[in-house]
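Below you'll find the structure I mean.
Per-chain numbering from 1; labels A, B, C, D, E and F assigned in written order.
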Amino acid sequence: MDLAEAIKTLTGVSTATLTSQLSKRGLNKVFMKGVRPLSASQPRFAGEAYTVRMIPAREDLGTYETLRSPDNPARKAIEHCPAGKVLVIDARGVTEAAVGGDILFARLQVRGVAGLVTDGGVRDAEEVRALGLPVQCAGPAAPASIGAHFAVGLDEPVACGGVAVMPGDVLVGDGDGVVVIPRKLVAEVARDGAEQERLERFLQQKVRGGASIVGVYPPNEATLAEYKTWKG
Amino acid sequence: MDLAEAIKTLTGVSTATLTSQLSKRGLNKVFMKGVRPLSASQPRFAGEAYTVRMIPAREDLGTYETLRSPDNPARKAIEHCPAGKVLVIDARGVTEAAVGGDILFARLQVRGVAGLVTDGGVRDAEEVRALGLPVQCAGPAAPASIGAHFAVGLDEPVACGGVAVMPGDVLVGDGDGVVVIPRKLVAEVARDGAEQERLERFLQQKVRGGASIVGVYPPNEATLAEYKTWKG
Amino acid sequence: MDLAEAIKTLTGVSTATLTSQLSKRGLNKVFMKGVRPLSASQPRFAGEAYTVRMIPAREDLGTYETLRSPDNPARKAIEHCPAGKVLVIDARGVTEAAVGGDILFARLQVRGVAGLVTDGGVRDAEEVRALGLPVQCAGPAAPASIGAHFAVGLDEPVACGGVAVMPGDVLVGDGDGVVVIPRKLVAEVARDGAEQERLERFLQQKVRGGASIVGVYPPNEATLAEYKTWKG
Amino acid sequence: MDLAEAIKTLTGVSTATLTSQLSKRGLNKVFMKGVRPLSASQPRFAGEAYTVRMIPAREDLGTYETLRSPDNPARKAIEHCPAGKVLVIDARGVTEAAVGGDILFARLQVRGVAGLVTDGGVRDAEEVRALGLPVQCAGPAAPASIGAHFAVGLDEPVACGGVAVMPGDVLVGDGDGVVVIPRKLVAEVARDGAEQERLERFLQQKVRGGASIVGVYPPNEATLAEYKTWKG
Amino acid sequence: MDLAEAIKTLTGVSTATLTSQLSKRGLNKVFMKGVRPLSASQPRFAGEAYTVRMIPAREDLGTYETLRSPDNPARKAIEHCPAGKVLVIDARGVTEAAVGGDILFARLQVRGVAGLVTDGGVRDAEEVRALGLPVQCAGPAAPASIGAHFAVGLDEPVACGGVAVMPGDVLVGDGDGVVVIPRKLVAEVARDGAEQERLERFLQQKVRGGASIVGVYPPNEATLAEYKTWKG
Amino acid sequence: MDLAEAIKTLTGVSTATLTSQLSKRGLNKVFMKGVRPLSASQPRFAGEAYTVRMIPAREDLGTYETLRSPDNPARKAIEHCPAGKVLVIDARGVTEAAVGGDILFARLQVRGVAGLVTDGGVRDAEEVRALGLPVQCAGPAAPASIGAHFAVGLDEPVACGGVAVMPGDVLVGDGDGVVVIPRKLVAEVARDGAEQERLERFLQQKVRGGASIVGVYPPNEATLAEYKTWKG
């Protein structure tokens, strides 16, 4: 499975399943804390990480002009994050200021960016929800990023929601939040995750039909045999 | 009023009213902190507590197999929590992992469990919301319980949301959260709570009709007399 | 622009825009932390602050009767907060108890109060959402204020959500939360905020139409000229 | 016992004993949270509360000059807090800025103030420790109060460490922290607290001598009789 | 190495070394959070865990008398925790109340208990420091346990400082805090930990003598050979 | 004043004075939160920042060997941080693991590094205190950095204690904590800070001698004239 195919597959696999797949491979530090969908109805997404690193604002670092200039990494990212990728903004878990608002995020959407992920806040939350771009963040916050953050890096290793994100890792977001899949595990996790989803759909159907979880979840040999027949 | 009737009555009494009734009886440590409805549209519920106690996971405690076996208290509870009761899972307020997900909770619903209450997270939140089972928790979290919790007890006294829960206490959940009613107070609190609700519906009607709260909320003698007539 | 006109204008200006306008004037401590809309569909609001100050409850301070009497500042405010103003309740960020519930807030709405703002909780959250009164708070909490708060002042300077609120300041609330505008800046901030909104609607339209943010957000001379023509 | 005598007595009674005495009288919201002695070797203290109330700083509230003027409540308190009283500064639990430093506190000490209590920080911590004035606070913090606080009231009811403080209440501080004793309970709590201390010294002596706590702590009739003889 | 010998060895091994030894064996959830030495000068300790489990206090659970009776698990533990063991009290991380004070802890010391560990507070902190009993806790807090805790279990699996503690596990405490060693790993961890300490003393000596850490920490073959000679 | 002289001067200026000097110049985001001296008796320090940036550990990032290799930025810094500079480790405020312990820090001291600053923990706290190297950190924590951190950068802009640190900025630490002085302000802040200290020593002397703070702190013309004479 190549990367594009894996990413496509991953949009149909839940973060619950993916954390389990990663846990089986010894990776337990992959789910972001304090990062959740801005809108209950936004679509799931998967894509490679493209990162922005921000440190705390300090009154002497840059002028208002340089901070809003297209060379500022946070602004540059809006035009340079490749279509299909996920823009990840390391905001150090600061919830009291936004990393951006409706105009910047509209541009991301027009450019085909797959989603926005940050452990900081988002302003113009109502308008951003209306955009349709999947946004995972710490929640709404009106104050602009300028008062809280100073962007210093583009596409570097960063922390987001207490998790390491390396450029090229794949992020998947759904109603539970965001999981980070290390690049070299993407293909196998996509494959095994999709299979786990299929199995769980079958098990869910049995359980809703009245089956006990004993022997079903987790499935024993008999259940697995039944599943094999079911999936044909 | 017997227990079944009291519980039925309690599904129509708000947790706001119940905390007030308990406060009048000197009980102020009864409302869970950090526990809220997973879905805005889920039904209210009331039922006796059936508890699971979990301590932190430790890498040497049990194998993956024993942890998912039907003898594990957390699994056993799924099949043994009696219909009509509320499954309460003491997750020590850990929000970064789930206590379960859509398959386990579908089983609870099929079995007629009245609701699920935990101060931990829940995975597959979108699917769980769709189930219809009332769930009160710390919010969505994808990682499985296995990485965070080790279940050690069934139907023991536990802590949940900073509140003591004794097996047999009655829990009521609504849009505000969850209140614990000590077993021996259930009947009188149900009776007086229902009466308070009736009175407040009357007062609410007056206030919406333009009455001042003075003499109305709290009601003076005249208002109480008027209420008596109203309720017939 | 007189105050009434300014307040009317402000109901159409987002808190994101207002924090930016205040930041340009050197005011960065104006957005409340931990205060958010109780309902996703409640209307925006703007109005002068009318405040209640509460300190922690202590078992010897007042009786149940005095606490619920119309002379208690928290009760008095319900009948005395002028129509069109915003009732602000300083609850010291205590999230585990309510500052009030559906009957008190129904009265506020009948009396034409513009909104309720508190860094404390709100009880009867489902019913309060149904009222339509805009409420910005720390979230639902069933326990009554009596167990947590003792009201000591009316229309005094207070803290709310970590921000200073002086009587007469104007508060604006929307989906992002609540901003405080010092009284003497209200007219100019309303005027410049409304103009910024108009400009941003134009820029947003360009961006959705495919324009890069470079030269557009922030706008360069050419874009500003284009805007001038657009607004006619 | 008059107030002066009661206060003198209270300097010899631990806050542990005092919280127990108050708890027996139904008062459990009397011990400050997050407030601890700045120095391990500072003396215990007791005295009437004299309060300063601060709200969050806002860039438009006062000039640098007015903020440091002798009419600013926070400055006025330094010269007006009566000798023998305890200066209590309500800093809303903000730990990242100081409420004052070595010069202001040296003045308090010279003027005979009994102690300083705040739920905010203290600057020049090393120098303040050297002064000898008992200081209970949230810990050291270098930034001046001017960036975080705006004083608005003198000798008003305030909150400190999550506890209500009314002017005239008596505060006692030791190695565990600070307890607030409502004015009207001061005499009886001083008397009973001193007696409890005496009894516990006796019990402590027995326990160190090898006695089991059974029958000793809490003491049974025989132990109480023995105590009576002991104290003569 | 038998258990007694292992425990004796462990009093000479730092918790830093022990967390490393356990990490090498795949155990990373073994160090308590928010638990620290009450006194800077208290001795290190090691011993088997003897546990008390407490849930939140509720006004209807027990009377003042039953709560202080010798049958209450928290009281029973004071007389029944075996000499040489460590009393571990699960206080759910509640820092605002004590789990006990100077008389109870004096009894523990007289009885030869090796130490007290809790994620709750301790009252009479000054007197407890003077006792000499090693105490690891969340810090001083004057209010008695009765207002916050209700003891429900003795020598059960518990949580403390976010870590699982099984009866019979060995706890070691020093200036960094407390580590839990699963019972079956005690002997090997004691042996390898002691050896690591010896090696690190040698490496520390080299570093203080001017050696680079390269090749020394971690040691390469040459350094290890040198160490072999050194230890003879 | 050249940099070396400024740094020398700064070792005699308190962080309280320095935050005031920076505040007068419009810089208020310069004092680290949650960073405090490890030892009460450690010397003050000042020096240029040399930084290490760490992101969260992830099980697939590097092996145990690469993580402890001299090429790992966190290890490299120990040998490459220039004498006289301050090693600053960005640990994202994670208090539950150490950034290093006694052997690494002994090497820093031997090499003449001026101090260690981190918003993470430190292991072997007792031994580190004995070294004499000034350490400002989040407190003791036994677990090694390997389980929590993955070092990714050397001498980059970082965040520490919620403050931006640029390589070459000067850090000063004392009993209150750590302040960051932007490089280009170092000379003037050193000069004016030293003068402020001298003035405050004079004012402190007056206050201890019985002067009111009115006219003295802040000083009026007369007091300033007196000071001029005093300093000669």
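Methods note: contacts are C-beta pairs under 8 Å (C-beta built on N, C-alpha and C of every residue); 3 or more make two chains touch, one makes a residue touch a chain.
In this text the structure is predicted, and so the values were computed from the model without any measurement.
Any chain touching chain A that also touches chain F would appear here, but none does. Where chain D touches chain F, under half of the residue numbers in use are shared by the two copies, so each contributes mostly different positions. Averaging Cα coordinates per chain places chain C and chain D 36 Å apart.
Note: centroid distance chain E to chain F, computed from Cα atoms, is 32 Å.
Taking the mean of the C-alpha atoms as each chain's centre, chain B and chain F sit 49 Å apart. Counting partner chains per residue, chain E shows two or more touched chains at residues 28. Of all possible chain pairs, the ones that touch are A-B, A-C, A-F, B-C, B-E, C-D, D-E, D-F, E-F.
Remark: chain C residues 26-30, 55-61, 92, 150, 152-153, 156-159, 162-166, 180, 182, 184-185 touch chain D in the complex. Within the complex formed with chain F, the chain D residues making contact are 68, 70, 75, 78-79, 95-96, 98, 101-104, 106-107, 110, 123-126, 139-144, 146-147. Those residues of chain D that touch chain E in the complex are listed here as 14-16, 18-20, 23, 28, 31, 33, 36, 174-177, 179, 200, 203-204, 207-208, 210, 212-214, 217-218.
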